[in-house]
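Per-chain residue numbering starts at 1, and chain names A, B, C, D, E and F are given in the order in which the chains are listed.
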Amino acid sequence: MQAHSLKAEQRIIGQEPYYEPVADEIEVFEAAYDNRLPVMLKGPTGCGKTRFMEHMAWRLKRPLITVSCHDDLTAADLVGRFLVKNGETVWTDGPLARAVRFGAICYLDEVVEARKDTTVVIHPLADDRRELPMEKLGELLEAPPEFNLTISFNPGYQSVLKDLKQSTRQRFVALEFSYPDPELEARIIERESGVDGEVAGRLVRFAEMTRNLKGAGLDEGASTRLLVQAAKLIHHGIPPAAACRAGVAQALTDDPDMLAAVNELSTSLF
Amino acid sequence: MQAHSLKAEQRIIGQEPYYEPVADEIEVFEAAYDNRLPVMLKGPTGCGKTRFMEHMAWRLKRPLITVSCHDDLTAADLVGRFLVKNGETVWTDGPLARAVRFGAICYLDEVVEARKDTTVVIHPLADDRRELPMEKLGELLEAPPEFNLTISFNPGYQSVLKDLKQSTRQRFVALEFSYPDPELEARIIERESGVDGEVAGRLVRFAEMTRNLKGAGLDEGASTRLLVQAAKLIHHGIPPAAACRAGVAQALTDDPDMLAAVNELSTSLF
Amino acid sequence: MQAHSLKAEQRIIGQEPYYEPVADEIEVFEAAYDNRLPVMLKGPTGCGKTRFMEHMAWRLKRPLITVSCHDDLTAADLVGRFLVKNGETVWTDGPLARAVRFGAICYLDEVVEARKDTTVVIHPLADDRRELPMEKLGELLEAPPEFNLTISFNPGYQSVLKDLKQSTRQRFVALEFSYPDPELEARIIERESGVDGEVAGRLVRFAEMTRNLKGAGLDEGASTRLLVQAAKLIHHGIPPAAACRAGVAQALTDDPDMLAAVNELSTSLF
Amino acid sequence: MQAHSLKAEQRIIGQEPYYEPVADEIEVFEAAYDNRLPVMLKGPTGCGKTRFMEHMAWRLKRPLITVSCHDDLTAADLVGRFLVKNGETVWTDGPLARAVRFGAICYLDEVVEARKDTTVVIHPLADDRRELPMEKLGELLEAPPEFNLTISFNPGYQSVLKDLKQSTRQRFVALEFSYPDPELEARIIERESGVDGEVAGRLVRFAEMTRNLKGAGLDEGASTRLLVQAAKLIHHGIPPAAACRAGVAQALTDDPDMLAAVNELSTSLF
Amino acid sequence: MQAHSLKAEQRIIGQEPYYEPVADEIEVFEAAYDNRLPVMLKGPTGCGKTRFMEHMAWRLKRPLITVSCHDDLTAADLVGRFLVKNGETVWTDGPLARAVRFGAICYLDEVVEARKDTTVVIHPLADDRRELPMEKLGELLEAPPEFNLTISFNPGYQSVLKDLKQSTRQRFVALEFSYPDPELEARIIERESGVDGEVAGRLVRFAEMTRNLKGAGLDEGASTRLLVQAAKLIHHGIPPAAACRAGVAQALTDDPDMLAAVNELSTSLF
Amino acid sequence: MQAHSLKAEQRIIGQEPYYEPVADEIEVFEAAYDNRLPVMLKGPTGCGKTRFMEHMAWRLKRPLITVSCHDDLTAADLVGRFLVKNGETVWTDGPLARAVRFGAICYLDEVVEARKDTTVVIHPLADDRRELPMEKLGELLEAPPEFNLTISFNPGYQSVLKDLKQSTRQRFVALEFSYPDPELEARIIERESGVDGEVAGRLVRFAEMTRNLKGAGLDEGASTRLLVQAAKLIHHGIPPAAACRAGVAQALTDDPDMLAAVNELSTSLF
């Protein structure tokens, strides 16, 4: 039993990923793609940004190369570096250079977490030059028309230190994401977990109650992703209240009072 | 007399590790495991989280790969790196990649201590993609169904700087751990150290007194682990008061007044 | 479909880049160039500094080597380093050394973002010595007359920590850039996106409204670059209000109130 | 005249190191050792912790491997790393791995000074797993029964930043050390320096005076080690007052007023 | 068209660099040089310190090796390091070691910007030992009589963090530099740019006005170097007011009000 | 004209360095040396600590290995490291290991400037173990009786951050240094510079005036070293007032008012 591994640029999505559009996001993304403009996704965790990207990659028939950004991610991690292999020094493309080279869609998830040099290295790619300077090679890589750069971040968590500079922001077409409306969200839960509409509906009502607590004790309300996880536990036979405790409440907060309050909400519903 | 060493993925636990369940933690963990959902354990030091993981690994018959996190732990430490060996450059999996590759259970202990890049590298593993991007290889590793990711932390010690982001938390099914109830805790002490029920019971009463001092001079009360250690010293012939001083009080605090108070508690019991 | 790559010093601009001068910037740049004086461009993001440099490089028939500066950019990144290639250690020029060696124009974009050592390494190049010390080689590189050094920064974003030292500033001839006047800006939008003058004019009026909000809720108003992007979306068939929302408003700010206000401005115009 | 060097694991102490027990520390250490429990020594500098460890290593007939911790000490320094030797890449155990491998006593002196990753790397060694994960090798090293881990620190100098975490502390049996009582301390001084009981007694009285000034101008009083050093100078022919000035007072403080006060104390005694 | 490069120690200045002495600086420098004492130059940017060093190097017929210091400059950058070249590890002198070895004049420009280790590495060179410890080689390099060490800094910009320690300062003979007196400054401008005495005199009056604004809105007044640059633009045909704006005012400040004020000063003169 | 270089351990001082004792420092140092105790020198810059060490090394006929400490100095810099030379990996002793190996006197100048790991690495060398752990080699180096460790620092400049820990201080015999008394200082100046007693005496009076300004505008008064430098300039023909300005006043301070005051003091004397 060994895991399967594949080259990043071979990750072409063959089957349509399930995605329910909430507004004109598919049209705007396609217009940006056709005009070779980079895109910026904004929205809270677990509301479907990653799934949207998989859907668009499928729709546009391009490989999708995703990079989860963090505060040790350097420009070299994105662009590439020299590695010594068997006595030969070979250049190894990073995921961004790989995406440019193969005309893939490059998705930089939570880009505000990255070090500042990574946001600067995308500047020449994100204006009409559409070129990636590979300074260690002394080369410029010109992006083919199929290449697209998309970044995402959660505006609710941006701090002053981790804000995107205007010189970065003002290069992107921006799409805002939010939680789906109740009916749509219940349909997603049913489809992803196998629970029935009744349970799905109660989970959505539970989520809405937690979202109302955002800023009043909770940093964030329950995401669609969390609801799907709790629904899976229920579908497996865990009692709904226990599933909501383990699958939602404990994931949301460590505060004993908030935990009690959130658990009370779920037991009132199930 | 040379120590025995073994490959991490060979660490399959052959004998049932002694574990006393306190609630529905075994059922919820199994439901999460079957649904390929990652798990988060919360609770104070020394209350049995590590033993629980050894028990579940035995129960599920999977190798257990544990990583103690610290604030110099980087994503490369988890994922792997290129090493030059005898003139050949070879890729060496880190413990997380090794766990994914062999379908093991990967347990990241005290995950909030790790650098931020490590919490981000687990994101694609901890949602329905279940894939580990190995950027330096330019490869994606797809986790087999047997793979499970579990993380732990102590909510009592989280600082603002070391909080888990919501985008991390909202990917996990969460289980809260606490000290066992008195009768159960005494049974554990007897079984682990060899002392009789009388001594074990007094040690539990001593522990409860120190737990009541949490926040009132002590950072934390005595854990079950400490009680087992003191019981072992007693069983070896050290007088109980001296065993409590060396095995519990001095381990809990350096403050002279608190030390005197805690030692008085133990001499009142023995 | 593989991307095209070329050596940095081969990037000679063959076709006249479209550029509309706003004052005497072309004459002053040429005078500085002929007197072998370095130049400093100041101005907000997206107002045409990069395009101006491409235009001047075309006009002076020199290769243009651009470096986007960031706070991990070191002197070695600019000057060069030793790399081991196939068992041989070879010196590899950085982009600055490459530009000096080939008599190119070196453009350091957002230079205040760079580490302090990079601003010091340009000192001997930016006075009448015109030499680049390559300390790791133990060599001095004397710039040919064709070499020019230009730096840029946005004075609106300079912080105390990232200010240019007087010993750096007082080596440069300085040119200030701003947004073009309305008529010129509309002409640029028409020409770059394909929309008609009517739409272009409304976009300019919209931009001016956002520029008046600078410091009153917005960090910066909409740049010419953003207007061109929104115009491209419109030209592609996205309704103007939606194009302004995705192409301008969401790029400018994350604040819900400001977003509402900016979107209201655009809907009042379209 | 070249210095003698020997492998760390060969450092077995052949001759009984002179050590005067002050309480039950030898019995408790032996009980912990026999139960395979790790030990924590607490106490001020120069009061005999290092000598105690040499004595116990001699008594238990195990090699003693001591590591002086500091704030650049990393986990890799303790566990080991790959080194390239003559074209071959070989793994080199750090002192902790070496101690585990050979069943030695590993003594981490002033452990609170070390980086946090070092305190975490000892966690699995310091509970009933008794195993050292060598992540770069992908191996687990299981400690033989002869292995013991002892750490030390000075509680008087712990800062908030350098406190041991409860999850570390609650794994150790703890022993507190202090200065010997006067008669015993005088006997130690006589034996170590060669001075007579009269001089030794006066030095102890001098030390007690400085210890009373702790917190009232002095950070710490004179340790037994300092007294032995001053006694050696006296035995060599330096007048007692001068020996106290150079061997004690100037070592304790740089403050001119405190120096005058401490010197007055010594001249009143000699 | 390839740039010319030469070895640092070959940089002997063949032609007398134009330099106008302002006091006894040439005599004192020669006395220090003959007595093998190091020299410290103090003064604002652009007032002639670099030119003075070139003049003295010419006068003393020694190569001049200049290092622009910055806060990433390490001792190894100055002293040297091992480099692997074609499989052989060879020691490569840094500029300071190179200067000691060849009896050159080593000029450390803006030394307060360097890291602290660089100021310490010059200590044994800057007292009567006159030796450079090359610790990585395990060697001491004894300076020949022809070697001289000169450092410079701008006292107006020293911060508490970047002050020279007394143990560094008290090793140097110190010379203070300032702007030349008006007549001399005008003569310098004429000679360097080709403008006539009338224009040069007005530029000096303009500079004096800006120098009076130092501390009252400007960090620093216009240096002689800036005046020469503006004069060159004028000589090339740029109108004087425009040349003062681009060559002086914009280089001095970004503040709109100060810019207006400074531009008004220049238009009042031309 | 190439500089002379020699191995550090070959630096045996053949000719008696001129040194005038001010108290019992020679006797105490010899007593410490004979008892194998480490020594700590305290005192301001330029008062003769370095010369004293050269004198003692000559007197004891041992090589003197001096390390100027700075805040990037690591334990590896002192102990040694592996270097790859011609394909072979060879261990290279640092200056401390070299001194231990050859029984030299190791003098760590301004030890408080060093990183904390360096002060810890000397602990086992500075107590009765007298051994240097070379962890990267897995070896212990036992110091021969001829080895001596001496450290120095300036108590006037110690900050809280850079204080020596008590666990370090309480291992050393300590000697305090200060400026020589006037007659002795004048004799030193005459002998070192060649000026007559009259000039030397005035320089000493000048120095005393500046020393009285310590804490009242000056960080430190003029050291004996500075006086010798000024005397050399005078002996070379520079007028006394100019020599005091360049050789003393400008070296002491950058403050214009203090400079004027100090210059007035010197002109009143000459």
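By definition in this document, a residue touches a chain if its C-beta (ideal position, glycine included) is under 8 Å from a C-beta of that chain, and two chains touch if they have at least 3 such contacts.
Model, not experiment: these values are computed from the prediction.
The fewest steps needed to get from subunit D to subunit E, moving only between touching chains, is 2. Interface residue usage between subunit D and subunit F, two copies of one sequence, is largely distinct: under half of the residue numbers at the contact are used by both copies. Separation between the centroids of subunit B and subunit C, computed from CA atoms only, is 52 Å.
Per-chain CA centroids place subunit B at a distance of 30 Å from subunit D. Of all residues in subunit E, those touching 2 or more other chains are 84, 87, listed in ascending order. Chain contacts in this assembly form a single closed ring in which each chain touches exactly two others. In the cyclic arrangement of chains, the order starting from subunit C and heading towards subunit E is C, E, F, D, B, A. Those residues of subunit B lying in contact with subunit A across their complex are 24, 27-28, 31-32, 34-35, 37, 40, 42, 74-75, 82, 84, 87-89, 100-103, 115-117, 119-121, 123-124, 127, 129, 133-144, 146-147, 155, 158, 165-167, 169-176. On the side of subunit A, the complex with subunit B involves touching residues 1-9, 11, 44-46, 50, 66-73, 77, 83-87, 92-95, 98, 109-110, 113, 154, 157, 219-220, 222-223, 225-226, 229, 232-233, 236-238, 242, 246-247, 249-252, 254.
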